[in-house]
Amino acid sequence: MSEEQVGPQPVAAEEAAPASAGRKKRRRGRVHVFDNWCKGCGICIAFCPQHVYEMDEDGRPVVAHEDQCTACHWCDVHCPDLAIVVTDVEEDAHGGTTDAGQ
Amino acid sequence: MSEEQVGPQPVAAEEAAPASAGRKKRRRGRVHVFDNWCKGCGICIAFCPQHVYEMDEDGRPVVAHEDQCTACHWCDVHCPDLAIVVTDVEEDAHGGTTDAGQ
Amino acid sequence: METNDRYEIRLAGEGGQGLILAGLILAEAAAVYDGKNAVQTQSYGPEARGGASKAEVVISDGVIDYPKVIAADLLLCMSQEACSKYVYGMKKNGILIVDSVHVDRVPTSRAYMIPITKIAEEATGRRITANIVALGLIVGLTGVVSRKAIEAAVRARAPKGTEALNLKALEAGLAEAERIRAEAERGQSVPIRAS
Amino acid sequence: METNDRYEIRLAGEGGQGLILAGLILAEAAAVYDGKNAVQTQSYGPEARGGASKAEVVISDGVIDYPKVIAADLLLCMSQEACSKYVYGMKKNGILIVDSVHVDRVPTSRAYMIPITKIAEEATGRRITANIVALGLIVGLTGVVSRKAIEAAVRARAPKGTEALNLKALEAGLAEAERIRAEAERGQSVPIRAS
Amino acid sequence: MAARLMQGNEACVEGALAAGCRFFAGYPITPSSEIAELLSRRLPQVGGYFIQMEDEIASIAAVIGASVGGVKAMTATSGPGFSLMQENIGYAAMAEIPCVIVNVQRTGPSTGLPTKPAQGDVMQARWGTHGDHPIIVLSPSSVMETFLLTVRAFNLSEKYRSPVILLMDEVVGHMRERVELPPPESLEITNRVAAHVPPEWYFPFEDPSTDVPPLAPFGEGYRYHITGLFHDRAGFPTERVDEIDAWIARAFGRIEQHRQDIISYEEDVPAGSRVLVVAYGATARSARHAVKLARAKRYKVGFLKLETIWPFPEEATERLARQCKRVIVPEMNLGQLALEVERVVGRQKVRRVNLANGEMITPQQILAAIEEK
Amino acid sequence: MAARLMQGNEACVEGALAAGCRFFAGYPITPSSEIAELLSRRLPQVGGYFIQMEDEIASIAAVIGASVGGVKAMTATSGPGFSLMQENIGYAAMAEIPCVIVNVQRTGPSTGLPTKPAQGDVMQARWGTHGDHPIIVLSPSSVMETFLLTVRAFNLSEKYRSPVILLMDEVVGHMRERVELPPPESLEITNRVAAHVPPEWYFPFEDPSTDVPPLAPFGEGYRYHITGLFHDRAGFPTERVDEIDAWIARAFGRIEQHRQDIISYEEDVPAGSRVLVVAYGATARSARHAVKLARAKRYKVGFLKLETIWPFPEEATERLARQCKRVIVPEMNLGQLALEVERVVGRQKVRRVNLANGEMITPQQILAAIEEK
Amino acid sequence: MRRYEENRMYRYLRRHKKFPNVWCPGCGIGIVMGALIRAIDRLGWEKDDIAMVSGIGCSGRMPVYMDFNTMHTTHGRALAFATGLKMVKPKMHVIAIMGDGDVLAIGGNHFIHAARRNIGITSIVINNSIYGMTGGQYSPTTPTGSLATTAPYGNIDQPFPICELAIAAGATFVARGTVYHAVELDRLIEKALLHEGFSVVEAVSYCHTTFGRINKLGTAVDMLRWQKENSVTREAAAKMTPEQLQGKIVRGIFHEREFPEYTAAYAKIVEQAMAAQRKA
Amino acid sequence: MRRYEENRMYRYLRRHKKFPNVWCPGCGIGIVMGALIRAIDRLGWEKDDIAMVSGIGCSGRMPVYMDFNTMHTTHGRALAFATGLKMVKPKMHVIAIMGDGDVLAIGGNHFIHAARRNIGITSIVINNSIYGMTGGQYSPTTPTGSLATTAPYGNIDQPFPICELAIAAGATFVARGTVYHAVELDRLIEKALLHEGFSVVEAVSYCHTTFGRINKLGTAVDMLRWQKENSVTREAAAKMTPEQLQGKIVRGIFHEREFPEYTAAYAKIVEQAMAAQRKA
């Protein structure tokens, strides 16, 4: 696991753009919310550009649409409780994924 | 006694120039050193542009050449002990003096 | 010796649940509107929200010296932690009310397990009114202050513009208490006493 | 009981006259070079220069407990104010030395009136060495420390580069003391004791 | 006035306003912040002045400055801020400037337990600044008493030209209680004595007719000097021993000679009492509760509740303790005022009950001490 | 070593250096400034650190910071600065950080008499910060003792992880006296105990084997937390009563249990003494002088010179006072340590001799008290 | 949990002990903490070499969570404590974490003096324009006109321009970021950490619990959104009129300058003194 | 003596009581006092309406000599005391007299906060680059490299640029003069006194007794002469290169700006609150 690619991978642009469709390998993310730490502030839900999260009845995030995640890392970078980990995976042309860098 | 003319009369220029010879009434000063307050720092002696002061054996100023005083007020303005009062007098064409403004 | 007619209430939960406000309202109902003596004290941690928070109210017809709860006549627990911590500091016949939304382990079978937060949400659409629902329950189940008094106190102390909302919450709590009492009278096995 | 062989010296004048340095040198002469006990204390006001200033030195073969002057065996006054203030705090046979340049009113006729500052100026060209001239006088007139000791102490404590100058001042003081003693021996009426 | 449910900190605010306080400078700190918050709203309403300063040092300084301007002034803080104020409290004592400092005590030392009660600053209130200085310290045990002692704090401060410390604790400060405030006109309010001589004759630090010379406000014709240095009667720095001794004698004397007026307490010591409980602040409530429990058990117990803690009520303590075998001093600290009680009644007699972990001492703990032996 | 004429402040510097002090942060103030001035020259010569901070609050803070870095550290000040340091002295006590605070006392309160001596900060040294806290205070009476007690201050500070206050006075600080410093190798120097367990096992605030847990310097593998809040054994904030009580018990206990080691004094009380003079600091010299005068007059007088003043040497005072009818406590204040003496021996026995106007108490004044009655 | 173990971020946290943290849900302080961790991680510094010193306030709680040598000092004094530590451990990376009240109200003096000395400490000023921990009293950065619990009629004080003040006082690296621009923030922090002298990063955060509530600015989400919409980079700002800039937060590096770092300068003094000593 | 009675200057002095003053022969503080008196005299203000508040230091002794409402406070705190006084006596002319150590070392925080509030106090900062009263320890304005009793190897600190700091902190009138240019100084002080908000005049003085002695700069006369030769007006400075400006004291008004004065802004709050009260 290369040190560079693991963990929160902030993108240079603050607001993540959807991964460009033209690229061969689309970047995708596996999204984990550490429930014990999450306080349900709603930031990830409100700001995820891909609307990956939905809110449960307690106001907490549910990773409802992981497949839409572009691994832009907005959410894990901004979660005030460090309760989100987004792991980069790569989707090959056929839609299969591998953990990036593994 | 007009308020404007009495008391320390600072000149606008920091370093006093000798009163211009061309003027009709030459400005002159009566110089008083309040001995009880003077601590003999030597500032008046060192800086009086007209060398009005001389130093006595204790290092204290003696008003030795009052006639040379141009009432430039450098000395009373700078005496750290407020021990000098220079009073403006005017010298008329004949050399007689009057207290200015009285 | 007036120290014995004290009624001691402890409201325990987390910061942000409005327990101190609830205690204040209860005390004001007793002191201002029912004309009794009442003292309200509080205990909270450094957190602005979250963290343990506790309000205590002592009500008495006589002078109240020690202002804190010695052994609660009534304990309200709005968090698991509070429940675990305070359940043993009750009078023998003390009443335990627990918000079943937040608490699932209660070390006694003799408690009112009531989904207070849910009732609040249903009644007012706002979970934050759970504290006032709890007040309704407390008053309804114990009668420690009069209904009139608690209504007046809620009206007076509710943040401006939220009076109606909070009165609705109070109403919901009182109604739930009514229901429980009725069930108990009907002999339903509602666990009602903490040992 | 060693408290009685104390020799108490008070040097009084104004800030800036170097009296504390003089006291220090005297104490060092006694303590380091004569091997006695010596304590030097000081008292001064808030002013950096001017204002009352005082140094005291107690010299003893035994232990020195109270470190200040109780009643001076020797009093040096370098200002009028000091003289007026301290002249009464002397032992019966105490020696009073006064700088006649600074002091003109001495409430006793039994004093050494010596133009110390003038002697300093004449000897070294620097009035500021009056303190060292005074030391020479004190040692010359009392023998409270040895000549060797005071010379060593002056040499050690004089600001770097001024050793020679200060030794000259000391010399002048010692010489003046010599002169006075000689005169006294010759029966001249030098007022020598403060009452 | 109608009954209200009022918080201790609020009662302090009401007391201050009733006493005529028109200036507050402070820096927020738990558990005192409500005092500042309430005054920030209330003072402008009555034409008074509120300012939040950059720290507590500045706060007490501004309070003294305002008082010199002739306005009754106060600040409020808790332990950490109180520590920072010490230098300038000494200044107020030295310059004899009236002002009230409220310390709502929390558990220390250091940041300690910011939201928990204590009585750990009792000795500090007396000795916190360097050098000997006169001071008055009051400590309330209820919301009503907070109101009354705040008024008294201002009165004593103005009357004796002394800083007065109101030593509250988190329990009393945050407690809400039923109170009926007395009507304003029923309150006795003391204002500082105005200078009564022409400026040329005025000495701010000596007056032949009284040990508390009038303090003329700045800006009203009495131009004089104030300093934290030892000073003569005109206020100018002095190093003269006679003038310094005169200041010491007068400054301490005026507190000493008016002990009767300054010291207040409540005694409930039936003849034949064997045990005396001495308490103050919130702990006095536990103590009174315990005394009642003990009496119900037929113990012969007396109770002395102190309102003034400095100057320490020596006479009362000694008088009431004389007949008793034991004196119990419960405090939310590790034994502070108990030291004075021991000094006055003999330490063999004294049983301390202490707790400094953020909890109140319970009546049961005191009762246990009463029942001992 | 050869005899030297040395000033008290200089002896303090030499003592500090001998004890291993390698950090000084301070802010100038009469009559302590010589300590800073000398150290600004000397510390760099031995590879140590000197910094003049923006004020006294910062000075004591920097001292604590440096000590956390593993370096023996001190500051020096006088009354006004000492008042400002109070909050952070409490922090050092709470966080158990060794450090030495020198207070060369001048006459207070407030700016007072900046160049004159006093012993007005004795109670402040004990009680100046908010909340109960353990503390050690030493007070020298001679230049030699200043050297020795400075060394002791560092030793005790390191040994007990406690702030130690060296309470000097202007007389001792500015006095020059003949001293022969002991050879460095003859001095007993205590260094703080190094952490002896691997980091995972290390608890900076609890050690099963000792009441003074080792303090690992920052940066050496022991990553832990320090706070002024009440904390658990790992240093993290806690509000748990059991953990707080444990801290209190250990922090005070370690001073209490080592009283024997911490307390030092000199007694000279011949059997049959009727009067005991208890003194410390510069006043002890007047007192010893007076005792000699009195004995010469055949009075039966004992003398107790205190070096440690806090914790107060109760046992010694009580033991020595027992046989005496009267105890005389001369102090350059209005009666501070006398309060403790009164508490311990009963106040009827105690005769205070006080002066707080900038002058030393003379032997004659004490003698007069001995001769009374 | 394995996932989290793997993540580098969590290496820097005292995660078994202290989480969830003490802050309100959504508080920006946590975002600053994340940015700081990323910056440190990129630098690859040893945890043992890092000291984190804080004052009192919500911000001041941060060190509790970080697996460094951490010290939570007294209110306002973090930089003074840090100065002592940095002096004796000049090779340590000393980071001071301070709230706006902490560092600019009670601690203002230590701030300007640490800057003046140019001592090698990185100051992270978490500016939420309010005293968060004590419940919403106005701070030296509360905007004029805003409400606070001690400014019920609106604040009449001017706020400090933190960066300008730091520059005037002598700081040699000064930058400002916002928590919304969290990635940019960690880059700024990284640069500050690398800077030799005294560096300041003003991290503009928010406190919805007090300031937000009183001023009716909504939730954490709302306040974050506000930041997004109301801040511009220095470069963009350069092209804007003063009117357009009104009320905007300008982000970027404002000052970077060479001047001898304090402990380095002091080391030279020691060298000199010891050399002289050896000679004598 | 009649002469002196006549002189207006002496109307402002407590001349029967306290002279000669406490300062060393030749100390520049006395020159500042003269300048201040001339400024006040020209303004024709009533002595009763003037309060003078000082801290501790040689400079702090000035109020003793002046026949106003005078207050010699604690070291560093003059502005905090003055703030309280100004609040309750907004019509009084409150002047704070402070030494460089007083106002910038221990008192730095009060300085920047008084500036931030823009409270109507005139600060006269007597900058002699040293702690005079305590005997020559380095101050926050001691030049880098200079000697002091606590900097025997030369000072390694940067000095504060007082005027820049005041401006950054929020002061609305900021000027610098020297005691050599004493007449100019009194004009600057006069303008500062007339300014509504917080005004600062840095009066560059000297301390020959400590700084001068240690750094071998000669007598008061020498140090005055140095000032004469090493200072330039702002206008002249504008035409000089940075190299030419090296080590020069620049004199003049550096900042003048309109912003509501604090007590005036507060008066509006009171108005508003009282009006609301009347309504209710």
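The first chain written gets the first letter, and so on, giving A, B, C, D, E, F, G and H; residue counts start at 1 in each chain.
In the analysis below, contacts are C-beta pairs under 8 Å (C-beta built on N, C-alpha and C of every residue); 3 or more make two chains touch, one makes a residue touch a chain.
Because the structure is predicted, anything quoted here is derived from the model rather than measured.
*Asks:* Report which interface contains more C-beta contacts, comparing E-G against B-H.
*Replies:* Ranking E-G and B-H by C-beta contacts puts B-H first.
*Asks:* Please identify which chain has its centre, taken as the mean of its CA atoms, farthest from the centre of chain A.
*Replies:* Here the answer is chain D, farthest from chain A.
*Asks:* Between chain D and chain H, what is the separation of their C-alpha centroids in Å?
*Replies:* It comes to 42 Å between the two C-alpha centres.
*Asks:* Averaging over Cα atoms per chain, report the distance between chain A and chain B in Å.
*Replies:* Chain A and chain B have C-alpha centres separated by 84 Å.
*Asks:* Report, in whole Å, the distance between the mean C-alpha point of chain A and the mean C-alpha point of chain F.
*Replies:* Centres of chain A and chain F (C-alpha means) sit 60 Å apart.
*Asks:* Let me have the rounded angstrom distance from the C-alpha centre of chain E over to the C-alpha centre of chain F, please.
*Replies:* 29
*Asks:* Mark out which residues of chain H touch at least two other chains, giving numbers and ranges.
*Replies:* Expected reply: 20, 23-25, 56, 72, 74, 105-106, 108-109, 113, 135, 140, 153, 266, 269, 272-273.
*Asks:* By the touch rule stated above, which residues of chain D touch at least two different other chains?
*Replies:* 45-46, 50
*Asks:* Please list all residues of chain B that touch 2 or more other chains.
*Replies:* Expected reply: 39.
*Asks:* If you look only at chain F, which of its residues touch chain E in the complex?
*Replies:* 57, 78-80, 82-84, 86-87, 90-91, 93-95, 105, 107-114, 116, 118, 120-121, 123-124, 126-133, 227-230, 239, 241, 244-245, 248, 252, 333-334, 336, 339-340, 342-344, 346-347, 356-359
*Asks:* Note which residues of chain G are touching chain F in the complex, please.
*Replies:* 14, 17-18, 47-49, 51, 53, 56, 63-64, 67-74, 77, 80-89, 92, 109-110, 113, 266, 269-270, 272-274, 276-277
*Asks:* Show me the residue ranges of chain B that touch chain H in the complex, using the header's touch definition.
*Replies:* Where chain B meets chain H, its residues are 3, 6-8, 10-12, 14, 32, 34, 36-37, 39-43, 46-47, 76-83, 85, 87.
*Asks:* Which positions of chain F touch chain H when the two form their complex?
*Replies:* 27-30, 33, 36-37, 40-41, 44, 50, 52, 54-56, 80, 110-111
*Asks:* Over in the complex, which chain G residues touch chain H? Could you list them?
*Replies:* 105-109, 112-113, 116-118, 140, 153-154, 156-161, 164-165, 167-170, 259-260, 262, 265-266, 268-269, 272-273
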